[in-house]
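Dropping the structures in below, format is structure tokens.
Consider the two complexes below, in which subunit A is the common component and subunit B and subunit C are the respective partners.
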Partner chain A sequence: MYDIVNGLINTTFGWNWPGWVIALISHLLVTTLLFAIAPFQMLFLTYYERRAIARMQDRIGPNRVGPAGLLQPIADGVKMFTKEDIVPAAADRWVHFLAPCVVVAPTMLMFAVLPWGPGMVPVDLNVGLLFFFAISSISAVGLLMAGLASSNKFALLGAMRAVAQMVSYEIPAVLSLLAVVMLTGTLSIVQLIEAQAGLFISSADVPGVPDLGLGWFIFTPVGLLAFIVFFIAALAEGERTPFDIPEADSEIVAGYMTEYSGMKFGLFYLAQYVLNFLLCAIAAVIFFGGWQGPGVGWLYDRAISPANPDGNWVFNLLAGFLGVFYLLAKTYAFFFVMVWLRGAFPRLRVDQLMDFGWKFLIPLTLVNIVSAAIWVALLRWGPEQGITFTQNWTPILRWGVAFAVTLAVNIVAYIALARIFAASQAEQGRIDLDEYRDTLTATLR
Partner chain B sequence: MNTGKLAFPMPLPAGVGTPSAPGGLEGQTSQEKPVRISVRRSRVDGCSTKDPAMFKTEELQINIGPQHPSTHGVFRMLVTVDGETIIDLKPVFGYLHRNHEQIAEQNTYLQNMPYTDRLDYFNSMANNQAYAMAVEKLAGIEVPERAEYIRVLMVELTRILNHAGALGFLINDMGMWQTQLAFGMREREKILDLFEMASGARMMCNYFRFGGVVRDLPPEFMPKLKELLVAMPAFVDELERLLRENEILMQRAEGIGILPKELALAYSVTGPVLRGSGVPYDIRKAEPYSVYDRFDFDVPVGSVGDVYDRFLVRIEEMRQSKRIIEQIVEQLPDARGGHINPRARQNVRPPVGDAYARIESPKGELGFYLVSDGSPRPYRYKVRAPSFINLTPLGDMCRGYKVADVVVILGSIDIVMGEVDR
Partner chain C sequence: MTVKIERGQIVTVERGKRTARRLPGMGLLDGMAVVWKHWAGSFRKNQGFNDIHGVFTYEYPEERPKLPEAYRNMPILLYDDETSHELCTSCFQCERICPPQVIHMTQAKDPATGKPVPAVAEFVIEYDACMSCGFCAEVCPFDAIKMDHEFELSTADHQKLTVFKEQLNRPISYYERIAPTMWAEVRDGAMKKLQGNIKRRPDVIGMAPNLAEKIAARRRELEAAAAAATAPAAPAAAPAEGRKLTPEEKAAKLAAIKAANAAKKAGDTVEPPVAPAGAAPADEKAARLAAIRAKNAARKGEAPDAPPVVAGEPAGEAPPADEKAARLAAIRAKNAARKAAEGSDGAPVEANVAATEPAAAPPAAGAATSAAEAATAPADEKAARLAAIRAKNAARKAAGGGSDAAAPTTTGNVDSGGPGASDDAALS
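Right after this comes the complex of A and B.
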């Protein structure tokens, strides 16, 4: 944004304003935009989810307010605002009041490092990915606050479930991203996207092919496995079916949200949908190239950027639009998968959730990190690191061998771990029916 | 033609012994073809952490209900949990008590017919039949053949709609957000349309009268019914595929809420819950009433007695009901008599005496016990409600499982609070 504002004011108009004014203007612009975008995403996603799931359930979905029901989320928002805000008499007033803020604030902060298009990132932190996940964990504190302060048993159970789930599934999520970080050697989200330009064939692009922006990590065995694990963990972090255990309406009413009403409840809802959007977006950014796609690179080469200060701002607009389009298309596609799962699966039980996370996903990500190391060693390392046998290979050959080896490692690991997991479940699960009956019928005698 | 074989041919678990249900089970044999081999363990043994060396834990008492989204009405479960594990559960009911039996004793016999609709509001036709049969027994009223066929047709349609709805609610309780429920309700709507055609009402049908049914089937009924029969297998197959192929659903259903055979019999549980536990007891076979002895159908039984068995039993029962309806469609045109016995008085004054009539309602054995003192009002009117009696073993079924399993087990019993509390 700084480049665009600078280019517009100082180059196009020639006003020669000082740098700090331009920085201030650009930051204010960006914050305003983001604070408008976040609730808008929530509004849109609720509408999208309700329409999509209605189709799966042989219904129409919201269709009364506005054309095709498009204004339904706004009507819901108005309803939320006009509802009475109830604080239970036994509640800890201040903690009860603060909890929604503690939940919402981190999700808003996470927007700070999300790149929307080429050159369109609010803050390009060099540890952006770390920031993203560090901040996202803070909302677990808010959930626990909500559950404890409500002094309601369902809320307490829900909060305990939520915290246990978030803490457990953060590990596979971060470990799966670690594999991608190893491939690129950077934690900056902007650089991670830039690494996904071109085609994902060796470090050198195939000569003669234009920048298609298709070098996504999903096309590598390491990235594919990491994506699967990450998406499952994202479902758990975002409390989506089949992991919507903390707010399982058929078991514990609404979990930690039970005692909230009015806009405080709305804030939890907002945080949840914004978090879902962000998790889908980060999956799109890390594994599917974010704004990368055919055409964006070509347009951005002609735009105003640090590398090319004499570009044309029209190309900035075009590249930005196309980039945002690609990012949102990928994000909404992932969100559709979330909705789809919600329509098709029941939820797991707490112990099953924990088993799956700790006994299957985490070992899988650990193996994936090993295969990421193999990938890097075969592709990048040379004699300096002590690897000499790849010295005379062409980039394509190196890429091919690395692909085959990591694919084999990952498939073997997946099958073996799945077998071990299934065997351990079965071991746990074999009931001696006669003995079982005896213990139960003993209650009769 | 009481020679149906078991539709769920499963060996009885070792050490359980041969089925010992009252009456008429000869001719039902089980084949050695297990549908299910192993069961997952879902129940925690030694669930309490009462080791003083460990850090102190506290038991928590939770009231699930009476205002809870998944207790199927105003029903309360007083649950004691240790963390997430149930260590005790007490079902508390009575919140929907509306003095049904006392009111019935103030009404004439015919005035009670619409009251029975409100017992199990999903299956008004089945309630009507049980009550009409009790009064007919008491007053000695003959029912023409055609009326009997129409009655059985309606009750079997009721069974299909009840099971479609019950499985939908059960899967909804598991957290599948109404998808299955919506499809179950779609099938239910088609059957309700048929009810509307015949009786004028969709849920509170009030269709039966002493000696028959209130009016004959309209001419457009049969074509619609045949359409429904053509479309139904696809729905049932789809439902079964969902249950057999959805890994998460299997994890939530297998080995959950096991009700052993002895315990089931000791609690006098009936219906799909009892058959899921492996007892092939079905009143339609054990004590054939109406014209059930003319139809060829099977009684599905489970082997383990968990939620999953109750699932499968219900699905198979839908298929068997369809079989019965197909035979009715064949035999109905040849049936003698009209839709009602023209000599049957509706304002009955039965002679002094008592009568008990029971039918296999979709939820289990539904019985009406009537005592007459010769007046136009019953002296005593007692309902043996399957939902109520099936609910009693809930505490034993839930102990040791997780909080999340309670709603699934409750859903698998398939209760309607209108019938539990009366």
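Right after this comes the complex of A and C.
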């Protein structure tokens, strides 16, 4: 965007404005664009979710407002705006008012590092991934504010559950991403995407692989396990159905949103769906190559870019469209999986959620980090790091050995951990049952 | 898979075979596979009870399921398409059985006699309290009340849910369309009963009030029949009428015969030319009695608002001669009959008076001339007999005219001739 604005103002018009003005203008433009896009994503996702879940339940879903019900989210929005805004008398007025803002702001900030297409990233931070997940944790503060300020027991319960859940599940999410960071050696999201060129084998691992934009991390054992863990953690972080404990409507009304109405409730809703969109997008970016796909790399090579200043702007356009298309297709596919899981599974109990996170997912990610270390050692390291036996191997052999070893490690670890977890859960169930029986007999006696 | 048993079908849904769970987490994938099948199957319609996939939704206002024949919502009344006669005979069975007691009706009455006829005058069902149990339709012996398939009854106007006969009426063809086999089962019996009931319904009673054309046609038909019956009956004894005589007519005829017989008897006893006064007090008494009977019988046919009879007053006087007594009896009988005619011809519709004027003229003229003749007749037994016969005819005519739709006698004609004639007869 900076390049386009700079080219327009300084080259085409020849006004020679200073760099900071150009930067300001370009960033304002990008921000405006993103702030316009985010609510529309939320509107579309609500419609999309309702239609998809309806199909899974042998229904049709909203189909009355507009063609195929496409204007239903607009109608919902109008409803939301016209609702009365109620603040409980006992509420902490200011905290109650600020909580939705604190929840929405981080989700908007997370857009800052999300690449939409080749060269289409608002800010290419070298710690983009860290920024993304550090910012996403801030919304937990907003949730706790909402729960505390409402002075409602359900809101407080919901907020405490939300914070506990988010804190617990950030650990497996970040640890699973750590494995991917180890594979690439970078925290920049743009470089993470660029490392996923190739065809089932990343061209970063094996030079000379044809670049079809399909060298995704999901095709490596490390990436697959990391993706599974990350997606489960993302479900918990986005409060999607198997883990929608903070707003379990059959238990605690609506959790921390209980005392909110009108547009404040709408803001929570917006934050939740935007967060879900972002989590799906980041899963697509990190494990499924983001905008990578057949054709994008070829088009971008012919476009204007820092590496190729005298390209054709038409290819910029084409590469951008194709890249955004790939990214959104992947994102919506993941959101469909989220809806699918919502259609398939019932809600977990709080203790089940915590057990699953701490006793199963975290050990699994730790094993995955070991696998990632093996992968890196076999593929990247040489004699200078002390790995001498791979010295004479061809890159494809190295890749094959790494693939087999990490796959074996991961599968064995997965099955072993699952059995241990199942055994521990069964034992815990027995203990609980015995306790219950004892108390029951004591009461009856 | 379905199992057929005597009372219908049992539908069992087959579960997919359980997969061996070697890898942990496969159960989750099984669950997701179930949901996936539903999602993938939801792009077509559900086929039937055996089908667990596919969309079940009926997009209601556009898409309406075919209701089963025995579906019941609210009761309706049936009428025959051809004759537009309602099947309801106002037997009160439905009103009696209705659990929430929302059916109300009044029975139709013959305007001529005030007696109930097998037809319903007004029929009300309070749809707002009806519980759609269908007892009324089940209990109806004439298959007149049936359960409708119409269910879109929501309204902002509560009063509209009290439904009257005009809104309840549906043609049989409508019911045949919504429930063909159920109507076919009862059709023959219902139509037979309806034909029997139509015979017992005078005028246009029992016809669907919303079919004005049919009613008008029926009325014209009845008029034509009545005119055809009265025109040849004026001079003759008029037994040509196809229908049975009403009880009033019968009574009038009987009384006239009795009067005639009594008069004849009186004539027979005073066979000698000169009749001495007081010679036959018994005969005279009998004649007077007969005349009173005739009068009473004729008066029975009157409408209740008829003025009290004054013809009986001179009966208290001592009649000097037998022949005089006989003539007097005849005149009295005639007067009574005429009064009956006057009283009852107010009930039928006056709109047709003009049309029936030619038909009405001959009997009126006949009555007048007979009275005049009676006044000038010689005092003999022949005259007495003639008077009795005339009295009989006049009574029968009056009775027939009173019960017919087309009243043959207009009051003006009779008034001009009647009282004067009777005065003459009394004086002579």
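Note that in this section the second predicted complex is superposed on the first by the 403 of 445 C-alpha atoms of A that agree within 3 Å, B and C clash if a C-alpha of one lies under 4 Å from a C-alpha of the other, contacts with A are read in each partner's own complex, and residues count from 1 in each chain.
Rule of thumb we're sticking to: a residue touches a chain if its C-beta (ideal position, glycine included) is under 8 Å from a C-beta of that chain, and two chains touch if they have at least 3 such contacts.
Keep in mind that this is a model prediction, so the values were computed, not measured.
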(request) Give one word, clash or fit, describing how subunit B and subunit C relate on subunit A after superposing. (result) clash
(message) Is A:Ala422 touching anything from subunit B or subunit C once the two structures are fitted on A? First, second, both or neither.
(response) second
(message) On the A-aligned overlay, A:Val253 touches which partner chain: subunit B = first, subunit C = second, or both, or neither?
(response) first
(request) With the two complexes superposed on chain A, say which partner A:Leu157 touches: subunit B (first), subunit C (second), both, or neither. (result) first
(message) If you tally the residues of subunit A touched by each partner, is the higher count for subunit B or for subunit C?
(response) B
(message) Touch test for A:Arg59: subunit B only (first), subunit C only (second), both, or neither?
(response) both
(message) After the superposition on A, what does A:Tyr414 contact: first (subunit B), second (subunit C), both or neither?
(response) second
(request) Please work out whether A:Ala344 is in contact with subunit B alone, subunit C alone, both, or neither, and reply first, second, both or neither. (result) both
(message) Pick the subunit B stretch that clashes with subunit C in the superposition, from 24-32, 132-140, 204-212 or 222-230.
(response) 222-230
(message) Per the definitions at the top, what is the overlap between the subunit A residues touching subunit B and those touching subunit C?
(response) 56-59, 343-345
(message) Per the contact definition, I'd like the list of subunit B residues that touch subunit A in the complex.
(response) 13-16, 38-43, 60, 62, 68-70, 84, 171-179, 182-183, 186, 246, 248-249, 251-252, 255, 258, 260-263, 266, 304, 396, 402-407
(request) Enumerate the contact residues on subunit A facing subunit B in the complex. (result) 53, 56-59, 153-154, 157, 241-242, 244-245, 248-253, 342-352, 425-426, 428-431, 433-434, 436-437, 440-441, 443-444
(request) Write out the stretch or stretches of subunit C touching subunit A in their complex. (result) 23-25, 28, 31-32, 34-36, 38-39, 41-43, 46, 53-57, 59
(request) Please give the residue numbers of subunit A that touch subunit C in the complex, ascending. (result) 52, 55-60, 63, 340-341, 343-345, 414-415, 418-419, 422
